[in-house]
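Shared between the two complexes below is chain A, which has chain B as its partner in the first and chain C in the second.
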Partner chain A sequence: MKPFDFARPDTIAAAVALLDGRDASRPNRSALLAGGTDLLTLMKADLYAPELLIDIKRLAELDNRIEETAEGLTIGALVTLSQLEDDPRIQSLVPALAEAAALAATPQLRHMATIGGNLLQRPRCWYFRKPGIHCWLKGGDDCPARQGENQLHALFDVSPCVAVHPSDPATALLALAASVRLRGAAGERELPLAAFFAPPTDERRQETVIGNDELIVSIQIPAAAPGTRSTYLKAMNRKVWAFALAGVAAAIHMDGNRIAQARLALGGVAPVPWRAESAEQVLTGAEPSPEIIARAAESALASAEPLAHNGYKIPLAKALVRRALTRLTAPAFPGA
Partner chain B sequence: MGPHTHLPVTLSVNGSRFPLLIEPRRTLLDALRHDLALTGTKKVCDAGDCGACTVIVDGRAVYACLLLAVDCDDRDITTIEGLAKGNALDPVQEAFIQHDAFQCGFCTSGQIMSLRALLDANPEPSDDQILRAVTGNLCRCGAYLNILKAGRLAADMQRQAAADV
Partner chain C sequence: MAKLHIEPKQSEEGEDGAEFQVVEDEGILAWDADSELLVVGQSYPRLEGREKVTGRARYSSDVRLPGQLYARVLRSPYPHARIRNIDITKAEQSPGVHAVICAANVPRIAWYEESVLFDATVRLVGDEIAAVAAESDELAQDALRLIEVDYESLPFVTTIEEALRPDAPKVHDGGNIAGEPTTYERGDPESGLHEADVVVTGDFETPCALHNAFESHGCTASWEGDSLTLWDSTQAIFVVRQQVAEKLKMPEHRVRVIKQHMGGGFGAKQIPWKHDVIAALLSKQAGRPVQLLLDREAENMAAGNRNPTRQHVQLGAKRDGTLTAIVARIEQSAGAYRTGGEASNVSGTYQTLYRCPNVRTEQTAVYTNTGPAVAFRAPGHVEAAFALEQAMDELARALDLDPVALRRRNYAEVDQLEDKPFTLPEGLRLSYDRVTETFGWGERTAQPADSVKRRGVGFAAHDWSGGTGHPPGYAWIELNSDGTADVVTGTQDIGTGARTGLAQVAAEELGLPLANIAFQLGDTATGPYSPVSSGSATQATIGPALRAAAADVKAQLLEVASVVLEIGVGRLSVRDGRVLVDGDTERAIAVGEVMQKIAPHTLQARGARAPNPADMTIRTFGAQCVELEVDTETGEITVLRIVTAHDCGRIINPALVDSQVVGGVTQGVGFALSEERIVDTRLGIVLNANLEEYHVPTVADVPVIEHARVGVPDSAANSTGAKGIGEPPLIPTAPAIANAVFDAIGIRFRAGPLTRQRVLAALAARETNGSGEADS
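Up next, the complex of A and B:
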């Protein structure tokens, strides 16, 4: 790890004033430290070498609480994955998020990692993480995974980079229609998660549109129609402590025996959490049946373009979609 | 602040306070091992992948390799050296010996700290909760079954000790 200076500002404004860049493809002067579970691994590998680390973990203005209002839930940026896993309101109102947090990483990492940092974590692609490889995402000319070892890579080809986004909670939050509140030099703005995450481009080689001078203040989850059910399922190459080969988050609102509203998001299949809108259209208004559920699963993966070694993810993701939808539309669903 | 200044930090470890002047990039793990000579906390992967460096900070099991020492100023830190009281081992340590819950021993202090944190928060864990508490601690010797047995025994011993008081 390269040497750096350490600052502990007292206000968000002071923290923002110290910020000036976090794009790993460019030399950076400053970076934010919260849980540090991703940042320190990047810094130890010298993939990221900020000259100034800005500690926001104890910033009193930045919230580490979960609040419930008539509009929905507000999750402070410093809330840890453990808090999300254990909070009774998260468990009952948005179980997909509690399940995604519980399936992420390990107890030690969940105690440390914050939800803000979780959304901003960088891909686990082995080419990106390898210090000697100057891949496209790090400012290089091309993506070595495209023709290389791409077993863990993307099914949806939307960026020169085929790494997948590693976050489980991000997939759940996308299905829950969450938005992110950002604070920067120009003030505050709120972005739906679908706009906050954007496939990396030549001009912006990172997975979000967060500005170099911005930090995440909180995540908002709008109150869903009463009775909305949600779940998150994850396939891993072992039972615990692995990133998703594929993840599925679904939120369903039933009106009688019909699906009034459906939101479906996939993880581990694209450089950003991936919303499956065509599958949502198949489901909306339909009476759930094995046939409808199978059609939705086919539709969710219809535009997938597998690489040489990751075709297995297509049946895997379809099965997770079917399993999630079967669970959520079951007449005997708990609380139904 | 000048370039890469050392910062004053007070580490509260196992009930003692250690004022240190420390470089910001020093991890808690390196500070424990090198500045405080507490080498019971092991450095294996140094990347948050193995769990050998698990310590308890403010009541929670965490990886010392992914925490900066300057970020631990005035937090309550417990390491493996803080568990035994004189010659009296912690119930988790005693249970590891009774159930032969280790071979090479390199992961052991991390496993024990994870189970210590579990039993502090939940004195009557289920088998699932015991296993879940050590999911972040790899054992390459494969002592997992005996670690589970040790977790059960430690919980029993702790309850017994509490009942005897």
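Up next, the complex of A and C:
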């Protein structure tokens, strides 16, 4: 780890001002420190060397609360994954998020990890995480994973980088139509999650469009039609404490015995949380049946382009999609 | 005076060193099944338990000496390269730096066959190039970055397959074959296969597993004049002392090695590593104590692993199941160097586990540009069992025989290598009985209602050449004037609870309660020689030596008591801290009271481990049953239940034995399902040299493990009747799991571990071509 300065601003404005000092030619000048569970590992591995750490964990103005209003839920950027896991409103209104939080990392990490930091965590690609490998995402010329050990990598080829986005909550939030509220030098803006995450490009080698001077203030989950059901399923290489080989979040609103609205998102399959719109179309208006569900699952993975070692993720993700949908459309759904 | 006999040493092939061995006879009768033992056989909590749970136990990494420096090692980023030049000047000038060493400023110290400590050729990513000692770990890391190395990158190989190609880049000048290939043959394997009614053939592959002991490798070195003290996380304090002395050209008595507590070693700490000598050299140069701890990455790159293998196996049998031939061709990767501690005899179990007149094994080790292999809990046997025990399962199915019945039919009553009887020939049979009864083997498992989930059961057996114990190994005992005893050995407790099990033996023989024993180990300066704690040997090596010393002290005590009480020695005995008089309970007297009569005199003795029986073979055996469930859509395997039985002779402390069993089986679950070092073949880099992507099992992955204790004393093996249990429980787990998976879904996995990737790929392949075979 390289030496760095440390600041603990009292207001969001002061934090943004410190961020604002960032010089584009020195992209490592400052970084926000929340739970530190990702940032500090990156710094220890010399993958990231900010000169100034801006500690926002105790910033009173930045919320660590979950609020329910008529519009929906507001989740402060500092809310931890264990809060999301345990909160009765999250559990009853948006169970997919509670489940995704509960399946992430370990209890110790969930106590420290904030939702803001979770959305901005960097890929776990094992080439990326090796200090000695200067891969494309780190500004290099090529991606060793494409021809290498890519069993954990992406099925959807939408960027020079084939790392998968590691967040479980992000997949759930995408299915819940959430948006992110950002504050920067130019003021505040709100972006739907689908726009906030964007596959890295040559000009922007990161997984989101957050500006250099912006911080996440909160996450908004719009109130869904009453009776909307949601769930998150995750497949790992062991029972707990592993990143998703595939994750599936689904939110379904039933109108009688038809699916009025369906939102489906996949994790562990693309550089960003992946919305399966074609599958949603298969489901919308349909009467749920094993055939419809199977068709939706096929459709969700139809454009997958497996690499040499990750083809197994296709049947895996399909199985999770079928399971999630079967669960949510069951007549005897708990609480239905 | 001990009775010493000096005999010419039976030289093992290729072995050099000592030419004679000292034979000391303990001259005591072995405890047998009828011995009434008071302390042995009880589940005493660990003697050091309180220290450990209150955080007071000092591990090697806890050492803090005045002025102590912290060291870091610069490691090669290339799998194969020549070092043209190293410039350490900037690092030397870096703040807080007190010493920087590299090839240019240390003596040439031979290491790993023809290589040296800081070799001009690096042969793996992680090979040691230079080292820094600074006032903090961070300052040492900063200084490392300032070392400039000019490399000439060389072509390399990372897999067995690549290494064996005729045009393969050479890891060493002599080529890629590591040492002499070994061949064993008895009978006529070809005609054995020919006369078989059924032959099963399979190509198996086992992964490279990483030890990942809780406590990673490391040591602290401190000089006082010409004397060096090393606090080392090691399984072998005396081996470290001898080797470090030799490498540094010092007399052994000027090197002291201390290790009080250790968070596991699993074989990787049975040899001294370069960091032991690097720490000593840095400390010498800096004139201050130096601590050198390897981080997870470093240890998983360069400080040992379980060698990956490829095994081509053929079994032939008659229709009734009688084996007619066992043939195995084995290739294993030694990594870039032979450490001398790899001990991976993959062939062994093919030669001994089953009765078979016609056997051939061929074993070839190859060099690759990857981390060097070193013994890993039951080295060789774990790898072999994965193949042999699956092949036996296939054979049972081909013959339509119960897998346990097939094994019973081929029961080996004798050691077929040397044509000697086993000391406990029924050991394996008892394990079969105990494990199948407890598990309910043969009762059909109910399938879950959900047809996507399939349940299966699997069985596997094992033998193990370790667990026997052996000379030399010594102990000293002093009975104090208050009736308490100081018991000293130079062995080590590597986290197994050896202290407690050994103290129980001493207490039993002395006739003292365990609480009256102070037990010391783990210090070459204060205890007599003990060998490395490997091969599940510590209890069986040092236990008898302690018994011998205790018996001697006890005999002296009874002589004193006889004078004090004016009663013939023949009527006296000691039990639970009291000298008892046969036929006169009134006259019993506390040991302390007897000792008071001669105070301040004390009674002392030494004990030595006697040789193992010459005309018999000691072996440990066991068997395991597994029940599991496979989700045929997601490839998830859930292990539901494991029952395991092992012949480890007398059980000295049931709780400690159970804890070895649970730990071993847990490691077996990891080897079966999730543990595999991944190396990028084009970069030569270990991609998962950390605990995040190298998946050891969590509590949620491990089912209830039931130990069906056998517990029959092996009184012919040694005077305590106890054998080792550290390694055996892990051996049969992976094949038992793979056999259960076959039982559940009808797919044979000949390459492990059984990850989602492998299981789903095999399920998909079956969908398309209907085969029940998994590709690797």
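Methods note: the second predicted complex is superposed on the first by the 328 of 336 C-alpha atoms of A that agree within 3 Å, B and C clash if a C-alpha of one lies under 4 Å from a C-alpha of the other, contacts with A are read in each partner's own complex, and residues count from 1 in each chain.
Throughout what follows, a contact is a pair of C-beta atoms (placed from the backbone, for glycine too) under 8 Å apart; a residue touches a chain by one contact, two chains touch by 3 or more.
Since we're looking at a predicted model, the values are computed, not measured.
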Chain B versus chain C as contact partner of A:M1, first or second or both or neither: both
First, second, both or neither for A:R189, with chain B first and chain C second: neither
First (chain B), second (chain C), both or neither touched by A:R65: neither
Chain B versus chain C as contact partner of A:L109, first or second or both or neither: first
A:W241 touches, of chain B and chain C: first, second, both or neither? both
First, second, both or neither for A:R89, with chain B first and chain C second: neither
Chain B and chain C contact sites that coincide on chain A, given as residue numbers: 1, 240-241
Residues of chain A that touch chain C when the two form their complex: 1, 124, 126-127, 130, 132-133, 144, 147-149, 151-152, 235, 237-242, 245, 309-312, 315-316, 319-320, 322-323
Contact set on chain C toward chain A in their complex: 77, 138, 141, 633-636, 638, 673-674, 678, 680-683, 685, 687-688, 692-693, 695, 697-698, 700-701, 755-757, 760-761, 763-764
In the complex with chain B, residue positions of chain A that touch it: 1-7, 33, 36-37, 40-41, 43-44, 53, 55, 57, 82, 105-109, 111-112, 240-241
Residues of chain B touching chain A in the complex: 1, 3-5, 7, 23-25, 27, 46-48, 51, 54, 60-63, 65-68, 70-71, 114, 132-133, 135-136
